[in-house]
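Same chain, two partners: subunit A is paired with subunit B first, then with subunit C.
Coming up: the complex of A and B.
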């Protein structure tokens, strides 16, 4: 079944996303919460803030954004830390932190299942969570993962299998009004010419 | 054996465009341009970039003369002076109680802001501090008014009137604060036989109408007499009607609750929660409210 689906996706040129869905406001304790599903990958996001922050961490002119990413099994490791940094930089570019100085905004992400394109699913869940919490944002943003297979064809929203066979995996965070790129991260190697032909 | 109804999850149908609506709202998401006219003052939920007014939260645009602001669709309760709130005591601290009111920080009820039994006016002594738990314990529900707001957003409450105080027997419904309409009074005695307190923080308290108001009590004695079955049925029906209105995202105020109650009379109380009955009742309520306006 999974193999058939991949063949259909490859035949379509790989430029279609898996069915995705989102649910907001499903947790009662956090100020904002969202669950984002991309195919079989799902991430749950919970947002707390703006709340009080301990003295040493507070910034006098803006809010401090903290991101915690919890994997499905095991303790958070180095990969989770690096993804947390990427998410934090993306969210800081978008959240209007100057409106809430000396406060902390905490974003907690829990990976429910991972079937490829995990980072873009986390980015999407973070955006939906920020929206649900009513925090001031300069724009909405979304995340998309592209995989370059050994032939040079581009596959959007790859599954785990496609990610393993790919030569390079690129993740982008794109903002809403002018489709500008907020963040990119690359795993693997690809030439610079192939780069700019991504998000149209 | 009681009969059970089971339903499988189905795709929710959006409220159709043919349903009567009272005026179109301008809905925006963060990053959407509200207007390029520079004559407007910007309010909450907006920011200015390159002479354009852009929304920063997702919600409906509200315009009052020259002030444009965006009210978020769903937010925690933000206290404002003069609001009526219904809250639950979570902690008893040294000279105050901590009250949970569906806001980001717990609200504070100072010992000096409550009426002592007997209506006395005197300085609070050490005995009063020790006897705090006799007045209000953890888990009690109270109705109060917002006295002031601290700089971090926490709200300070007071119950310095006989109509506020500990709540006795009734039903609590928790809804989103944005669905409670701001009115002159939030204590309503409905003609159907029950009373309702619409807290601005989204906590709604339905209780049987008190026959006589106890003047000396000062709001701390609880009436624990058994409530008759007819009153209980009215209260259950009101609670189901409020849940139906909330599911269909209608604003809650005394007229809408009353119309919904009257529209639900042909159905059994437990049927009101079924989706198709809910839609029918709320459609009728919406129609009657629009007829009332224009």
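Coming up: the complex of A and C.
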């Protein structure tokens, strides 16, 4: 598989996204659900809401958005928590929660397999899930992960191995109408380089 | 008795958000069952369709039983064995009811239902001795393999236990552990490239089949759906392998069954188990073939084609050759970024802070009302600071970077606070001051932690 990808990359003379696919409405219980696959990385999103708020989290002027990221093995740890927060902030920027005050929207993301660029896959799954649930959104968004290899070349949608070799990994969430950056997170050190972000 | 049985089955779910079943619906379902009709058109002894799909990783599969869906993943680790069993590997099973599966499920809560299901899985897979634990021993008394099976319920449409038991045994059969060699004291674990990983030795495949009883056992239904589970009086679960050996049998709900009923159920189980085992073996064989021939495998292949709710795209090339020129262009076109950095603020000698002091929200991830309010402000400020750079000008980071400042971008939440190297201050004062600052911040953090706990 990896060899195949490298061939395509070589042919393109630059970067390439792995084949991606998406299926919506595959679960019967959630109000919205979507599976998003980027290469061998896949994330399943299930969404409930707008529904009754549990406990004392209720907000008088808008909907509460809760994001849960479940790893495949073991219990969610600090990395999952920090990703949950990033995802929540991204979704909050897009969901028109003001239209559903005093309700809760719960977005559960389940990692099905991780083969690199997991966060961007989560972002994409979240967007497709929100879309399937029919929630009012101000725009769509997508996630792109870029890795900078030691030579400074940009790799889009890196695999696990490419991520390990990379000098820096940058993940962006970009909205659809103006291609503005909704969220960005970086790992490693980088300088002038700019992630070229083309929404898929 | 009926009342107690009824009370026990819904109370095993948190009554929080789960929608209750109306009396009207309950009566309708029971009437239908009395007439030997089921809501989904099945006959009393019909099992729903079972579909098995494998992930790209070894030991990963999704089992669909009708609309019920369970994800299984097996992983392994070298650990010291238990003291009383020095030559046996360790098996660990964990079923999780993800909040994705039903709105009533809460993450990380040990409900009565969850404990019951986990116990049944354990009895079905561990106590039936279907996995040879002695073959998992590497060095007696020192190193053994721990096999961990994680099961996640993704969609709850009844009969979780059957779906979970199928997913569990399929994942265990699909799993390959790394090969090891022992030479004297030395244990070498081989990567998949060096030596082919080895499968677990599995003696037989126990599979659970559930029966729901209505009207004190007068009516019987195989593979109950979620609705049927809500109105049933009692449940009988039989775990059996294809050799017709009963591995586990459990009756719950407080109904009394006659011998004939149990015998009839075990006969039905034998038929169902034979069918399911055949299906599992076919699925495993298919996957093995595809992997051997180097074809495509993984979840992407199990997504149906030609469906309106699905979309596939092949590998897409993105031209990044002139990205830097483009970036340059954007920078030159963009308005000069507003001055984000104020003057560095000196708290104590040896430290400096840029920008407004922002309360660090790291470590306060659990939400409570107070936190929420703080976060909202803190976040909007924090993100304003961060995102402004990215979003409104999209270039300020570049600008910074261009100046070649020693700023390290990291994904930690503490990005806003940048400690600069002091230049004019005497060096000997530095470490002390830094230590002090660190201590105080740590203390503050601990204090907040404690406060949080008190709130909880």
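Please note the rule applied: the second predicted complex is superposed on the first by the 179 of 200 C-alpha atoms of A that agree within 3 Å, B and C clash if a C-alpha of one lies under 4 Å from a C-alpha of the other, contacts with A are read in each partner's own complex, and residues count from 1 in each chain.
As a convention for this text, a residue touches a chain if its C-beta (ideal position, glycine included) is under 8 Å from a C-beta of that chain, and two chains touch if they have at least 3 such contacts.
Since the model is a prediction, treat every value here as computed from it, not as a measurement.
Student: Put the two structures on top of each other at subunit A: do subunit B and subunit C fit, or clash?
Tutor: Because the two structures are overlaid on the shared chain, the partners are seen to clash.
Student: A:52 in the overlay: touching subunit B, subunit C, both, or neither? Say first, second, both or neither.
Tutor: both
Student: After superposition on the shared chain, which partner residues are touched by A:135: those of subunit B (first), subunit C (second), both, or neither?
Tutor: first
Student: Once the structures are superposed on A, label A:25 by its partner contacts, choosing first (subunit B), second (subunit C), both or neither.
Tutor: Both partners, subunit B and subunit C.
Student: For A:16, is the partner it touches subunit B (first), subunit C (second), both, or none of the two (neither)?
Tutor: Only subunit C; A:16 stays clear of subunit B.
Student: Give one of first, second, both or neither to describe whether A:77 is in contact with subunit B, with subunit C, with both, or with none.
Tutor: A:77 contacts neither subunit B nor subunit C.
Student: Which holds for A:44: it touches subunit B only (first), subunit C only (second), both, or neither?
Tutor: After superposition on chain A, A:44 lies in contact with subunit C alone.
Student: Once the structures are superposed on A, label A:106 by its partner contacts, choosing first (subunit B), second (subunit C), both or neither.
Tutor: It touches subunit C, and subunit B stays clear.
Student: Just checking: does A:150 make contact with subunit B only, subunit C only, both, or neither of them? Give me first, second, both or neither.
Tutor: It touches nothing on subunit B or subunit C.
Student: Is A:60 in contact with subunit B, with subunit C, with both, or with neither (first, second, both, neither)?
Tutor: Once the two structures are laid over each other on A, A:60 reaches no partner at all.
Student: Which chain, subunit B or subunit C, ends up touching more residues of subunit A in the combined arrangement?
Tutor: Counted on subunit A, the partner with more touching residues turns out to be C.
Student: What stretch of subunit C clashes with subunit B when the complexes are fitted on chain A: 19-27, 145-153, 343-351 or 379-387?
Tutor: 19-27
Student: Per the definitions at the top, what is the overlap between the subunit A residues touching subunit B and those touching subunit C?
Tutor: Residues common to the subunit A contacts of subunit C and of subunit B are 25, 51-52, listed in rising order.
Student: Can you list the residues on subunit A that touch subunit B in the complex?
Tutor: Those in contact with subunit B are residues 25, 31, 50-52, 94, 96, 131-132, 134-140, 175-177.
Student: For a test of understanding, state which residues of subunit A touch subunit C in their complex under the given definition.
Tutor: Going by the criterion above, the answer is residues 5, 8-9, 11-30, 33, 35, 37, 39-40, 42, 44, 46, 48, 51-52, 54, 56-57, 59, 66, 68, 70, 72-76, 81-82, 84-85, 89, 106, 108, 110, 112-113, 115, 154, 156, 168, 180-194, 196, 198, 200.
Student: Along subunit B, where are the residues that touch subunit A in the complex?
Tutor: Where subunit B meets subunit A, its residues are 29-33, 45, 47, 49, 54, 56-59, 72-76, 104-105, 152.
Student: Quick one: in the complex, what on subunit C touches subunit A?
Tutor: On the subunit C side, the touching residues are 16-17, 55-57, 60, 62, 67, 69, 71, 73, 75, 96, 98-103, 107-108, 148, 150, 152, 154-157, 298-300, 303-304, 307, 309-321, 323-324, 326-327, 330, 365, 367-369, 372, 379, 383, 387, 390-391, 394, 398, 401-402, 404, 408-411, 413.
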